[in-house]
Amino acid sequence: MRELKLFLGPQHPGMHGNASIHMFVEGDIIKRAFLLPGMLHRGFEKGMERHTWVNNISLIPRVCVVEPDINEMAFAMGVETLANITVPERAHWIRMIVLELARISIHLMAYGGLGSPTGNYTMMYHAHADRNSILNIFEKITGHRVYHQYIVPGGVRKDLPVGIEKDINDFLDDLESRYVEYRDIGIENPTIVPRIKDTIVLPSEVVWELGVTGIGMRSAVNKAYDLRKVMPYARYDQVEFEVPVASYSDARSRVDLKLQELVQSISIIRQCLAKMPEGDVRVPLSRGQSMRWTVPKGHVYSCVESSRGEFGYYMVSNGGTHPYRVGVRGASYPQGLLGIEKYLPGTRIDDAALWVDTMGVCSPEIDR
Amino acid sequence: MASLEFLVIIALLGGVLAYLVGKLSKVVGASLTVLVSGFIFVSVAYFGLNGSLDASITYLPFVSFEATDLYLGTSFGILVTFIFFMVSFFNPYFVDKFKYPSLYSMFYLFSLAGVLGVFFTDDFLVLFFFFELVVWTSLFLIPLGKSKKAASWYYGFSAFGSFSLLFAIFVMRNTAGSFNINDGLSMVGGSDQILVFILLMVAAFAKLGAFPLHIWLPKVLGNSPDPVTSVFSGGLEKLGAFVAVMGLVKLAPVGPVIEAIDMALGQYLIAILGALTIVFGTLMAIRQDDAKKLIAYSSMSNGGYILVALTLLNDTSVSGALYHVLIHALASTAAFLAIGAVNRQTGTTKMSELGGMIHKMPVTYIVYLIAIISMAGIPPMGGFVSKWLIFQSVINEGMILIAIATFFGSIGSFLYVFRPLAALFLGQELPEFRKVIKEAPFFMLLPMIILSGLNIFTGVHPSVILQYINNVLAELGVTELGITTWTLSGNNGDLYPALIAVVFGVGVVIAFIIFIVLKKSRKVDLMDTYTAGNFVYTEELLHYSVDFYAPIERLYEKHINIMKDFYKGIAKKVQEFGSFVKYFFFTNKPEITVLWVVIVLGILLLWGDLL
Amino acid sequence: MESTKFSLLTKEEVDRKWWEIGDFFRRNSLWMLMYCTGCCAIELPPAMTSAYDMERLGMGPMATPRQADVLLVTGYLSLKTLRRLIYTYEQMSEPKYVVGIGSCTINGGIYHDSHAVINQLDQYIPVDVYVAGCMPNTEAVMNGFVDLMRLIKSKKANGWKKYHKNNEWYKKNQIDSLGEVRVKDEFHD
Amino acid sequence: MIISILMGISVAFFGFVLQTSIAGVNRKIIGRVQKRYGPKWYQEFLDIFKLLSKRSVTHGWIFDFGVIMALGGIIATAMFMPITNDLMAFPGFDNFFIFVYLIAVGMLGMAMSASGSGNPLASIGVMRALTTMLAYEIPFMIIVLTIIKLTGHSSLSEIAMFQQTAVAGLEFSGTWFMIALPVGFAVAFLSLMGMLGKKPFETYIAPAEIASGPMVEYGGKQLGMLFIMHEITVFIEVSLFVHLFLGGAENIWIFLIKYFLVYTSVNLISNVNGRFKIDQVVVFFYKWPLLFAVMQAFVAIYLGWVI
Amino acid sequence: MNSMTNIKYVSSLVENRFKVIKKEIVSEYQISFEVDKDEVHRLLTLLKLEGWIQLSYLSAIDWINDNEYELVYIVMNWEKPVHVQIRTRISRENPSMDSILPIFPGCKYYEREVHEFFGVKFPGNPEYAKQLILEGWDDIPPLRKDFDPRAYSDAHFAKREYTETFVNLNNEKSKQVKREKRKERIIRVRKGGKK
């Protein structure tokens, strides 16, 4: 039988980001598939070796464009572990607010992204409009819409602006009130459910083989394996939240979990706003001359829970002003490369874009 | 000159001559078929249209031809001889590939003689004789192609049909007292009528390849040599339609009348079977990979239309059916010839192996395009007129279930006729064919172009032919269709085919003007195509031809083999019975066998005496 | 005696008039190609969707290069992307425009010394409008589009003509940096 | 004859202008639904003329010929379309079947040209379009069969007239078939959404899967001509629906209102829907709509139960 | 603390059976062992059996001064939440390490990447030599310390040359004048209002 070669990406409306899925197709069933990454490769790890520890603050958010804050958090945590810095209490809470806002933003974006493969653009437009209000809030907090460079080793760059609580609360109330509508137009919509139900199932027994983490794993194994729970960082051990899980991981259940996490994030932000103590937000790394600031020798792997799973930085310091080696563990590395190669075959060409969207394959963190 | 006997003899003698000449030179022998069939077609057409065919018999024993009321036979005769003539142009180009080229020419002309006899005789026994002549000659034509097994399938079903025809003839002989066709059909009545109806329908179904006796059709049409396929589809299948006209129209309506739709039960059942034929043919055609098999299934589906239309027994439907016989003969012959031409140039008809033929064979492509437009019933080709007539009567009768089938077949035909167009002619130009392939030679293009012209003509100006069909309707005792020079009137509206053609022309001219005044486009290579930014160098990877309709096929692929399994089951049972018989009769000791034979013969003789 | 008032226009003048009419349509209906080459693409969804609503300017995303008018180069270009970008650019139907978004397209930006990212986009394909910033916020991106419309109106957005005229220069630059533009490896057969 | 043909051409042109404007207005309405401002109402015109002004590429003669055939076939179909009771080019010959089958010429032309581009995505799109057609046509045809059987006419203007005036002695005359055959109307509305290629039956365009399907290789004037063809196709299909179910129109304003309402409601409904897969489309139409269509036809034809 | 017992558990588990060159407790959830090259597979197998079933990360570090590569394997156990770093050193000349594909199938692409960026060979992984991220790379593997990206960039990519003058987009005088005035004002303000 002759095979047909179809491509999803890089220049394709169904592909999120700049990567290419090559699919060998018979009829409309995918027989073989692989991801061709590397189109966003910019020598990131090499670049970080060539910048000082402080300079790198401006570089790290750019690893993964859709969710820059987790990069900053992971990097800051790693540096703090290596240099043994104690972060002020208030900074922890501000960090959590920013991280959870970022989580809401990316879940909204992923949920809106579901509008593209399933064809419901109204849902996409609404989700992106709400995401834009988060970006506006970020602009007020940090001064930037996307690349915030807000979480730095030693705390956060500056304190929250006055009156931001009201903005955040207004936004959260608005989002919460429309949560049901979001569900109705998306995953409860009778024209979308047949598309996403029972498609591109990720069996629970292969999760460990792939190394998938995050929602992809939790939707399959039915366990609350969330880094915020099992090895809490910041002050996640002091807020109450649940980790939504499921035992059957099809596209619908994954999107469902994203929406449920969104609710949990809303509640976390509210708790943070309530429990946040007053005080300093940053300890100075060094007295002046921050460019010559050195970090003691050591190896550390610091990881945070991103929307797609465990996102980690492996950092090696040889005691100098520059990091000796920084390795980035992209959260979507397993599902993007091995997942596409192993679990896309057998599905249909209609579903390939759904895998990319619901598993959260983010090409910049694969390529770096 | 115009003696039918003379024409039959010419065909037979021409066959023998072609055989002898073919021993010397294959091509000359095959070319002889062109001359002979051309001569026969011209004579039949000329004298048949003038009504001056001579039915007298001088030389041939037992044979008798019809003298009056010739319209039905003549119309079929002209059509089928025309198809034979057109296809014969292909013979010289294909004889090289056959194992027995001279035999091929001979059988080709013999079956032509058989066809002539079937359509013009007034005697059932002669009809049966010629029918068998056609069956046997065509039987030997089939295995010259790819599969010998197809011939055995064909023989099985044909024999089934022939014997039921023979049975029907004997039943009618019982009531009418003679073998005359018209007497037999008009005088038979009561339970005999039902029996004759069923038997005639079995014969017609077997010949037409209608559900449930369709298994042979795709096998034969898909595997026999290309000219034979064209002849089968355009000509020999129409024998079935001829028998169906006898059974459905000439015989009085059979069975109790259903009040709601004002239709006899027998007719209604046939209509349902016809509808099933349409649906089944369509569904099977959609999933074929071999272009010839695909068109074969479409032939089956179109046979269903003819059956459905014949059962309705009013002016639009019967004229629609007869017109559809003509249209389908022209269109499917043209399509088969086009695919035959591709087959000759490339050596395959598998759609998954071909692609981009249009760049080398544009004329063949145009011929195929016109043929499929006609087959799908799109104006301005002939298929639209016949389908319009059939729809008129189906809607007028208010038969919802039948209508679903006809609509399904009609829309489904877009699907399956498009597939060879896309996979075989269009798409990427595959490298293995890029250098070698040329357009087919002129004498192969000639019949295809003539057929295409007729396809267009039948769609633009059908009144001429429908006028003639009105004569047939009068002969069959059906009300005549309302025709003026340019328009047809159906049950619930008028049709102006020429106007549609003109308006279509105007539309195309407007579009062409828009196209030509705008900036000229830049010509790019076929491989310079959207690949989402990736680079591809292999043409095959970008040619979508395998499992073309995979999503819709998946919905019914579990249920396709029902009829095949049924027949396989029967064949298995027969085999078991055979081995059982063998066990008893043909043991190792010949004495026992002889004993058994004697006993059985004795019982049969005694039984016959007692009856 | 020829009337001077109603003199026939020459062919060039007629062409120019038609071109101006075409320019009116072109600048009011700019279809951009959905090709997210880098991180600045993250500011395009807000621009496209309800927040800034690009469609009111007549802009919209298009699926394939044949249909599109504007090629947005959103951010840094790795070598691998540049190959595909050039291929995609050559597939677009003329007139075509290129908007380079982000500092990386101008001078390499934060990745100026990387081994995988090119530094200056207009060495390889002609760029009509640059939008600076890392990343430029959505208003800046929208402003870039409005700039492009103004350039089309004043007939200055003729990068595609430059590409024809200086094709050899561009090709040379491409080959210098990329080795070969159309790779043929085990993944592309 | 010449006058009739000129009249027909103007009907086609009217259809193009009407549908293009209404499509633009609808884009604005949809924009408001999606919380945004929306384009200008004449944006569709700008798009089409922009495309016509560009320099395109061609993949061989069939690529161009198919486009010409598509546009020609659709213009020819539109020329038969009655607009009001009196305003039509060829009175008496506006047969329903002409529209159903002549429109197929346009489709075939486009399909041919798309496949001729040599892009597999285009072929897949064509395959999906044809399959969708197989799905939505059957229920629609059954309902139209009922209407033709009840009215005794297959001419659109006659059917419209039948619904407008109650004639003594003619059963069921005087009511719109939208009211007379409510179930059939619902089924036909779904079919109309399929015909117009609106979501959830938009499977053959599906940008995220097959990058806009048949249109994948078009640009410039070919795409512009296909856009014109698409606008006229929509005009034909929506006016077909207006004439069959909404009682046609006595004058042009009523036609415009009915047309606008039908098209806008289709658009609004489609805009909150996702997109089915292709086999789901087939299963969808062959499950309830077909069953209801047959029920409606049975009830109306044999039992005579018509509201 | 619970996490510290996990650390102790894994620490005793490893130290009892393997010769650990260097042990390091990084944080309450992380521990690091440096072992010999030959022991990595057995150690990983043991950890996998004990519940460290997820391979989180695999990479290499180029210690150019020691002329060695250091391979890092990080595994994770979700039930006893501890990240275990396993580090081993291999020679920089003709670097090669047996693949851990039979133990962790997820390592397939990590190893391809390490080969691409450092040149370490992984016999046992059938596809390790295929290129993954880079395309048509013609230099030494880029993450080695002796590779200079700036030199590569200068050699291959044209840099923008900035000139003193800049081009005004619309040639509008008024804007340029305004801009100059604004500049002057800024300078004046900086100098404290003095001309």
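For reference, chains read A, B, C, D and E in written order, and residue numbers begin at 1 within each chain.
Simple rule for what comes next: contacts are C-beta pairs under 8 Å (C-beta built on N, C-alpha and C of every residue); 3 or more make two chains touch, one makes a residue touch a chain.
None of the values given here were measured: they were computed from a predicted structure.
Chains that touch both chain C and chain E: A. Among the remaining chains, those touching chain C and also chain D are A, B. When every chain is represented by the mean of its C-alpha atoms, the one lying closest to the mean of all protein C-alpha atoms is D.
Comparing the CA-atom centres of all chains against that of chain B, the greatest distance is found for E.
Among all pairs of chains, B-D has the largest number of C-beta pairs in contact.
Put simply, the C-alpha centre of chain A and that of chain E have 19 angstrom between them. The distance from the centre of chain D to the centre of chain E, with each centre set as the mean of the Cα atoms, comes to 57 Å. Between chain A and chain B, the centres computed from C-alpha atoms are 64 Å apart. Distance between chain B and chain E, defined via averaged C-alpha coordinates, is recorded as 71 Å. For chain D, residues that reach two or more other chains under the stated contact definition are 34-36, 53-57, 120-121, 124, 207, 211-212, 216-217, 220, 277-278. Contacts with at least two other chains are made by residues 528, 530, 532-534, 536, 538, 541-544, 548, 551 of chain B. Multi-chain contact residues of chain C (touching two or more other chains) are listed as 35, 49-50, 63-66, 80, 83-84, 88, 91, 113-117, 183.
Chain pairs recorded as touching, per the definition above, are A-B, A-C, A-D, A-E, B-C, B-D, C-D, C-E.
Of all residues in chain C, only 35, 64-66, 83-85, 87-88, 91, 182-184, 188-189 touch chain B in the complex they form.
Of all the residues in chain D, the ones that touch chain C in their complex are 27, 31, 34-40, 43, 46-47, 49-50, 53-57, 207, 211-212, 215-220, 223.
Of all the residues in chain E, the ones that touch chain A in their complex are 3, 24, 26-27, 29-30, 32, 53-57, 59, 61-62, 72, 74, 76, 78, 81, 83, 85, 87, 104-106, 108-110, 117, 132-135, 142-143, 147, 149. Taken in their complex, chain A has these residues touching chain D: 4-6, 12-14, 28, 116-122, 125-126, 129, 185, 189, 191-192, 194-195, 348-350, 352-353.
Contacts from chain D toward chain B in the complex involve residues 5, 8-9, 12, 52-62, 64, 67-77, 79-80, 90, 92-93, 95-98, 101-102, 104-105, 107-108, 111-112, 115-121, 123-124, 126-128, 130-131, 133-134, 137-138, 141-142, 145, 148-149, 151-155, 158, 211, 216-217, 220-222, 224-225, 228, 277-279, 282-283, 290, 294, 297-298, 301-302.
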